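Each in structure tokens, the structures are laid out below.
Shared between the two complexes below is chain A, which has chain B as its partner in the first and chain C in the second.
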Partner chain A sequence: MELNDIVRRCEDLYHDLDLTSVKEWKRRTGGKAVGFLPIYVPRETVHAAGALPVGIMGAGDDLEIIRGDAFYQSYICHIPRSTVELGLSGRLDCLDGFLFPAICDVIRNLSGMWKILFPDKYVRYLDVPQNFDERLGGVFYRQELAALFQDLCALTGRPASDEALRRSIEAYNENRRAIAELYRLRAEEPHRVPTYEHYLLMRASNVLEVTEHTALVDAYLAAARRENRPWRDNIRVILTGVFCEQPPLGLIRALEQSGCSIVDDDWVLGARYLREPVAAEGDPLDALVTSYLRRGTPTATRYIDEDAKGEDLIRRVRTLRAEGVIFASPSFCDPALLEAPMLQRALGAEKIPYTAFKFSENSGQLQVIKEQTGAFADSIKLWGAA
Partner chain B sequence: MNPTPAVRKERSMELQKAMMGEHFKNLARAKDLGKKVVYTFVPGNLNELIWTFGMLPVHPEVNALQIGLRKKSGDYILEAEKHGHSEDVCAYVKCDLGMLKRGNIGPTGEKLPEPDLLLLSYTGCFTFMKWFELLREEYRCPIVMLHVPYQGDGRITPDMTAYVARQISEKVLPLMEKISGRAYDPDALREHLASSARAERDLVAVWESARNRPSPIDAYFGGVYYVGPVFSAFRGLPACEVFYETLRQEVEERVRNHEGPITPEGPLKEERFRLIVEGPPCWPNFRDLWKMFYEEGAVAVSSSYTKVGGLYDAGFRHDPDRPLESLADYCMGCYTNLNLPSRIQYLERCLREYDADGFLINSIKSCNSFSAGQLLILQELEKRTGKPGGFIESDLVDPRYFSAANIKNRLESYFQMIKAKRSA
Partner chain C sequence: MIHTLGIDVGSSAIKAVAMKLDDQGGGGTLAASHVNKIRKRSVKDVVLQVVERVLQEGGLSREDITYIATTGEGEMVDFRNGHFYSMTSHARGALFLSSSVRAVMDVGALHARVMLMDSRSKVLDHRMTSQCASGSGQFLENISRYLGVAVEDIGRLSLEADKPEMVSSICAVLSETDVINMVSRGVSTPNILKGIHLSIGKRLINLLRMVKAEGDVLVTGGLAQDAGLLAVLQSLALELGLKVRIAAHPQSVLAGAIGAALWGGYRYTKLKMKEAEV
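Coming up: the complex of A and B.
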């Protein structure tokens, strides 16, 4: 598959707010589809129940919000508005169930709203533990996962099978392997993996069946390595804060155009929330629990019990030879905006440069941000090595 | 311009003032007294446990609201924003951080002690977690997370209770023993819990008095005073029981005399509108907002904000026979830990049981836990009960988000709507 074909396919999937590809998958397989909100749900349980997990990350700037705004005050972030708009306009009708993981009060309350607005759908709030002791949070989370898996199997009519779960874990391990390679290539040779393409490939993981997405990423990697693209004199940055509401595509392009090559990020974080492969032997739910407790990504919505705040970010800056950090926080996002000062203080202590701005998924005025990140890139180029 | 009239105070109010004064005095002298200090949040607080270990509780939201009432929160918020905190985020957090940056002088003008322990009771509010992560950065003291599951399906399962109780037993208790230097005394905890249950019984009697016409209480503006002791430092102590006995007697006397609630300008002469109020108050403009109600004869006969520290009117009581499990259920049962359908059911029940004319939502910019979904609550309640709903917006402690003219205008229209509905 040629590079352009892959990118075009991902563009089509990104803009397909009607979830045509999901409908096609359902028609082809006769399976059910289950939507989930950011950040992380164990997609293996959905997959093993025979359903297609579908990541819902709002509607970006592709949809005019009419009914969604009637449900939210002006001081609430944008993603729930566009999600409600997608639901009420019938675009999510093909989804048979919805999972709302514990991430913040807005998404939490959206789970209850969904129960009221869509009483015929399966809706579950997935409480992920903030206690990381296997005997406490681990036991609780296993109970949550067992109940979730039972529910999903009841929805699809499939038996709840450990063997099916192990196969799904293997499929997602393969996907984690491919995504890790994608991130590695971009970090090593950013000019080969433009940010725009990287982002679209990651977004495709929200709607494609996992093996199809793995194949797509592998095909992209092969094509990107073949392609002779010019080296760019950009600075290397880590982007953080975009784990839930997503920046509009134009903003993602603008960051790179302003002279910043993103070498790590937290968008579509659910697809790589578990940083290592999950054990495919033994009790599969235990394996998912252990991975969540021990190998989950430190992020604003996860209680950091022992490590100092910012330790993980600083380690990534060092490992990836990043020259700075960009904090992109969705407006009115308590997790991202309350986390940022702690991370910034940690970066400051290490003399790592950073810049920060706010956005919403339908931000239209990108020039100011572009100028800000451009000035940030220039300042690092001019004085960074001093 | 007329001076603001002095608030008429009943014995219970004087009692509460004395309790608060004494508590803050003890806090200011905590180190001299050899007392350890535990910071924790109001919803899902483990006061009985803190008292069992002879430690002193501090509730940062209570400090923030007290500072808001004294109209000092604006400066503290700006101070926090100067230190990099966004305009967009919770003003309680910023007020607390700003106060800390300015020397941690508490609402009574005395310096608050630094915490020996941060007890992160993670109940019904995501922001609590970030708040204590931020405080941990400042104080560098021990912290313990008590993860309290949300009632996503509208119920507390035995597994949820066991999870929270085990966290208390295996994480919270050992750390409290270590910090306080005292062994855990289950009998002392049972005594505190029994005391709590008695105070809770009297508080419920106060709430239920609002079924009378006229209601002898205002369950929102007056209600925030009524919940003071049980929500803050005193639940589980004899003084708290005395307060609620006294309050109950005062309220029962008003019922016998067919009197309405006490407002800052004396007893309400005529009850014209009976309302259910959803959402927290706006503390810096608390009396301005209250005045807009009592001038129109509007009385809150029930409110959800006064249930963030426990849904006692729905039957919950701390139970000395199952101490840790009871604390676990308490944590999970607070109002903001209910899912949206349960919140709507609760408000619907209040509308019917208290024979209210309508309901009013005070939507708070700072509080996503309360506010996200309130417009759906409005629609659903109107649909289910046929009662008119009103909607105003303000903030907990950020005075920049209080527009008196706008709110007054909306309230007047709302009261007109109720009248029109009555005569239809």
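Coming up: the complex of A and C.
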């Protein structure tokens, strides 16, 4: 598959708010589809139940919000508005269920609204532990996962089988391997993997069946290595804060155009939330629990020691030879905005340059952000150590 | 000796230069330059034409160029090596054209801004026009077309004014209405043009005051060639008692491209040194 064909396919999937690809999958397989919101849900459970996990990350700047605004105050972020709009306009009708993982109060409330708005659909608020002791949080989380898996199997009519779960874990491990390779190639040779393409490829993981997505990433990697793209004198930056509401495509392009090569990010974080493969032997639910407790990404919704998050960011800056950090926070996103000062303090102590701005998924005025990141890139290139 | 290319993609014209630098990326002489208006053509095509012309004039080939740097809207030039922000490039270009400069007034087709800088051309502060019609260059060009005046004649005619009439400084649409009224009232073309210069000039001088500029100020961008605007800026600065000397350079329009090319040379040698260290 040629590079342009892969990118075009990903673009089509990104803009397909009607979830045509999901409907096609359902027609082809006769299976059910279960939606989920950011950041992390154990997609293995959905997959093992025979359903297609479908990540919904709002509607970007592709949809005018008409009814969604009536559900939220003006000081609430944008993703729940566009999600409601997608739901009420019938675009998510092909989803037989919807999972709302614990991320913030807004999303928790959205799960309640969803139950009222769509009473005939399976809706579950997935509570995740904030106690990382296996005897406490671990036991709780295992019960949550077991109940979730039972529910999903009841929805699809499949038996709740450990063997099916193990096979799904293996499939997702393979996907994590491909995604890790994608991130590695971009960090080593950013000019080979433009941020725009990288992002679209990650977004495709939301709607494609996992093995299909793995094959697509592998095909992209092979094509990107073949492609002769000019080297770019950009600064290497880590982008953080985009774990839930996503920046519009124009903003993602603008960051790179302004002279920043993104070498790590937290967009579509659910696809690589577990940093290592999950054990495919033994009790599969235990394996998922252990991975969540021990190998989850230190992000805003994980209430761990604040120093640990700063240390993790600094370690990534050093390992990836990043020259700066960009904090891109969705407007009114409490998790991102409350996290940023703690991370900035850690960076400041290490004299690592950073810049911060806010966006919304439908931001149209990008010039100011472009000027800010452009000036940031120049300050590092011309007056910094880069 | 190395050669670098600087391409400044503006909203109405493409400016490109080839610079000859020493092996350390220092020194710097202008080897070739070319400016071409976009005039509703494909920007990419005009960029390619301008670049080819510069290479030809400089007796260079693409292979002789060690670093291709863009500025302005040059992010869409896919054969670039690096891109520099407009303020950074204009400051560096201004310093190249006049070593005593400590502030730059960049007046382009769609925007105007003032930058305060140090002796290394590091930007210390800046202000941009924020209102509609801040794009004074394009506005002036539109008005000259309505008046049947060639763009090159605007400055000369403005200098002939004896009783200028001010136009609205808020909005391009209102200003255009002002001009139509003036024409119907029989106000002479020089007086209309000087009125526009005064309107633009007051806002630019205000930007200079806001950054607390002192000493030599270089006007860059397309309007640097407008003698009428320059005269207005100088007289307004004098009236307001600002401690500045405002001037333009014959190559002011190339400041962005020159700055980008010089920064490109700097980056090339810096990266080479880093590579050697590794």
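Keep in mind that, in the parts below, the second predicted complex is superposed on the first by the 380 of 386 C-alpha atoms of A that agree within 3 Å, B and C clash if a C-alpha of one lies under 4 Å from a C-alpha of the other, contacts with A are read in each partner's own complex, and residues count from 1 in each chain.
Heads up, the rule we're going with is that contacts are C-beta pairs under 8 Å (C-beta built on N, C-alpha and C of every residue); 3 or more make two chains touch, one makes a residue touch a chain.
What you are looking at is a predicted structure, and each value in this text was computed from that prediction instead of being measured.
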Worksheet item: When the two structures are laid over each other on chain A, do chain B and chain C clash or fit?
Response: fit
Worksheet item: What is the contact status of A:194 with respect to chain B (first) and chain C (second): first, second, both, or neither?
Response: neither
Discussion item. In the combined three-chain superposition, what is the angle centred on chain A between chain B and chain C, taking C-alpha centres, to the nearest 10 degrees?
Written reply: 100
Discussion item. Contact-wise, after the overlay, does A:60 reach chain B, chain C, both or neither (first, second, both, neither)?
Written reply: neither
Worksheet item: Does the superposition put A:257 against chain B (first), chain C (second), both, or neither?
Response: second
Practice prompt. Quick one: classify A:102 as touching chain B (first), chain C (second), both or neither.
Written response: first
Item to complete: Answer with first, second, both or neither: which of chain B and chain C does A:353 touch in the superposed model?
Response: neither
Worksheet entry | Comparison of chain B and chain C by chain A residues contacted | B
Discussion item. One more residue to check, A:138. First (chain B), second (chain C), both or neither?
Written reply: neither
Worksheet item: Who does A:375 touch here: chain B (first), chain C (second), both, or neither?
Response: second
Worksheet item: Measuring by CA atoms in the overlay, how small does the chain B-chain C distance get, in Å?
Response: 21
Discussion item. With the touch criterion stated at the top, can you tell me which chain A residues are shared between the chain B interface and the chain C interface?
Written reply: none
Discussion item. Looking at the complex, which residues from chain B come into contact with chain A?
Written reply: 83-86, 88-90, 93, 120, 122, 125-127, 129-131, 133-134, 137, 145, 147, 149-150, 152-153, 159-160, 163, 166-167, 170-171, 339-344, 363, 365, 368-369, 371-376, 380, 393
Discussion item. Per the contact definition, I'd like the list of chain A residues that touch chain C in the complex.
Written reply: 230-234, 257-259, 371, 374-375, 377-378, 381-383
Response to the item:
Listed in rising order, the residues of chain A that touch chain B in the complex are 70-73, 75-76, 80, 100, 102-106, 108-113, 115-117, 124-127, 129-131, 133, 135-137, 139-140, 143, 300-301, 303-305, 309, 329, 331-335, 337-342, 344-345, 358
Worksheet item: Inside the complex, what are the residues of chain C that reach chain A?
Response: 67, 75-76, 78-85, 87-88, 122-123, 263, 266-267, 271
